[in-house]
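Report on the following structure.
The chains carry the letters A, B, C and D, assigned in the order they are written, with residues numbered from 1 in each.
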Amino acid sequence: MPPIQPETTGDGAEQNWGEPRRKTIAWHDPAETAKLGLTMSGLEFLRGMAAGVVPPPPISQVFDFRPVSVEVGDVVFSCEPDESAYNPIGVVHGGVVCTLLDTVTACAVHTTLAAGVAYTSLEIKVSYVRPVQVVPGRANTLTAHGWVTRPGRRAAFAEGDVRDVEGRVVATASSTCLVMGA
Amino acid sequence: MPPIQPETTGDGAEQNWGEPRRKTIAWHDPAETAKLGLTMSGLEFLRGMAAGVVPPPPISQVFDFRPVSVEVGDVVFSCEPDESAYNPIGVVHGGVVCTLLDTVTACAVHTTLAAGVAYTSLEIKVSYVRPVQVVPGRANTLTAHGWVTRPGRRAAFAEGDVRDVEGRVVATASSTCLVMGA
Amino acid sequence: MPPIQPETTGDGAEQNWGEPRRKTIAWHDPAETAKLGLTMSGLEFLRGMAAGVVPPPPISQVFDFRPVSVEVGDVVFSCEPDESAYNPIGVVHGGVVCTLLDTVTACAVHTTLAAGVAYTSLEIKVSYVRPVQVVPGRANTLTAHGWVTRPGRRAAFAEGDVRDVEGRVVATASSTCLVMGA
Amino acid sequence: MPPIQPETTGDGAEQNWGEPRRKTIAWHDPAETAKLGLTMSGLEFLRGMAAGVVPPPPISQVFDFRPVSVEVGDVVFSCEPDESAYNPIGVVHGGVVCTLLDTVTACAVHTTLAAGVAYTSLEIKVSYVRPVQVVPGRANTLTAHGWVTRPGRRAAFAEGDVRDVEGRVVATASSTCLVMGA
């Protein structure tokens, strides 16, 4: 098959599917956040973000992720998915759940690192243990928890889960990070 | 630590971090897409989406995912990440890569299913083999490829990779889907 | 390179590496165990194995796995690795840890199934969070714990960990099983 | 439930399940292998093992793993499973498949490392894409292939698959290793 030339545009307005729904997201220059990050420990950096003195990364705005608590080796974020995070069948897209879990496992590792120590995620595995049902007309807040199972100077391990408003686990994850010491 | 009350809002405009950058995303009622999906095989559905006659899911608009080719057991999508997909350090967020890989592995399985056969992703593992560098001022298109390693009536397996503009693999994935026959 | 023709045999006695060390393992016809399995719930079957009235599978004898407790959705096995499970550097081979984790996660799922319901592991991910040091001249018992995070009629999820004699987690795992109802 | 005291012994001879079947495995002092390993590159070490001049690790003898080819970043091993590797239902235990895949992915990484560079597996994920049927009375050789997807000074990625005698893929894996440079 030759490559398909999709006729859709980002705007989608030219289609016959009725009036598109819209949402505007806003973020700040991520370079600003990066500059601040170099001078702070992971704990200071993430608590600063939670307190509103460090600009959150753009991705947080896309999915409305917010830090709820930031401890050494343990973080909690909330996420309030709107319709833009849905699959066609009224279920939150797996990618949103992955992104949440990638965020909390990486941030949990970050809280264990001193200023000047870099890290990167090497891999993540996510188990989708329950569909994330979205009930229209009420809050569908997801709560993501990440914790370090093993910190380290060269590698660190973290796990995480996501719970729905009723406290049921909808997904679990494990992740490995590479740590690049000062 | 008591829960942190972040002072940020989705808009972010009240901060002192300068003028926020903004982007508007648009999508169509996902229920419309779902209704169409019930009447079509996976191959027809995804080719319909590629041809612009089935509305893409909202998540495609968030990250600008577009189908490039749709074959039985094999799909290719492109993604043009903008700054809203960055981490603070000029690298595409792992969650975007996960979302792309979750999409292409699931869609590859979907192309093997007849109309009326439902499926869901059970799990995915993503290996971040290279950072996804973003070079400002030029196209940074990512190409995601998903293929079925083993179709099935009850379970199906797929793998995938993401390549950067220079064709280097930046991430790989494997995923398992549950198939719920008609 | 042409295929290498290794000169070693299973016996290894012809080499100049000194007297080989030997161990003999014994097992019973696994078909016997299978026949019993068809008539029992998973809980009865595994408790029967623990009580010595169902023959253990051969693999249990290879690595000296023994059930310590068998509850619905939760099992504990012990493993006493000997030198045949070592890597060259005095560390237990990752494969032994994988085998233990594959066993306890699958058995945890099995305890939730009625007689006549079949299941199979679809995938497992193992994180090696600490090397499994072996101290010669003392017990190096590993304790593997598996628990179900989500039972199901079509798919089931389980997690597990392995601890050393000092109670430290040396590995964690997550696994997905396909359930094939009666 | 109180801990179960199993009445089985490693020997199993006291049971009423008929005459046990036995197999003796033999290996050499793994410390010898370790000493040789310190002086050789990964490629030399594994080729030496394939050629029979480096003693194989004990685990190779347990499952009858043999190197078939050893190239930079790419290795092939064979495995001839006997009844001691079976599950009760005539299927090779998942742990054997995991051990094979852990071996070939780790060895593929090892072939990329100079003498004196240490490494360890951080994690592995295995997808069991097909049951490994064993047909009595004929060779049931498994062929495991491991290859490096991304070498590195600090982390390395490898993938692998296992094929049955008919060349069908029965399992795939991805693994991450930590590299600890000289």
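The definition used in the following text is that a residue touches a chain if its C-beta (ideal position, glycine included) is under 8 Å from a C-beta of that chain, and two chains touch if they have at least 3 such contacts.
Predicted, not measured: the structure shown is a model, and the values here were computed from it.
Colleague: Moving only between chains that touch, what is the shortest number of steps from chain B to chain D?
Modeller: So the least number of steps between the two chains is 1.
Colleague: If contact pairs are compared by residue number, which of B-C, B-D or A-B agrees with A-D in over half of them?
Modeller: B-C
Colleague: Whole-Å distance, chain A centre to chain C centre, using C-alpha means?
Modeller: A distance of 35 Å separates the two centres.
Colleague: Please tell me the distance, in whole Å, between the geometric centres of chain C and chain D computed from their C-alpha atoms.
Modeller: 15
Colleague: If a residue has to touch 2 or more other chains to count, which residues of chain A qualify?
Modeller: 122-123, 125, 127, 157, 174, 176
Colleague: Which part of chain D faces chain C closely enough to touch in the complex?
Modeller: 1-4, 6-8, 10-13, 15, 17-18, 20-34, 37, 47, 49-52, 55-59, 61-62, 64, 66-71, 83-90, 93-96, 98-100, 102-103, 106, 120-128, 131
Colleague: Along chain B, where are the residues that touch chain C in the complex?
Modeller: 122-123, 125, 154-155, 157, 174, 176, 178, 180
Colleague: For chain A, which residues are in contact with chain C within the complex?
Modeller: Its residues touching chain C are 125, 127, 129-130, 149-150, 157, 159, 169, 172, 174, 176.
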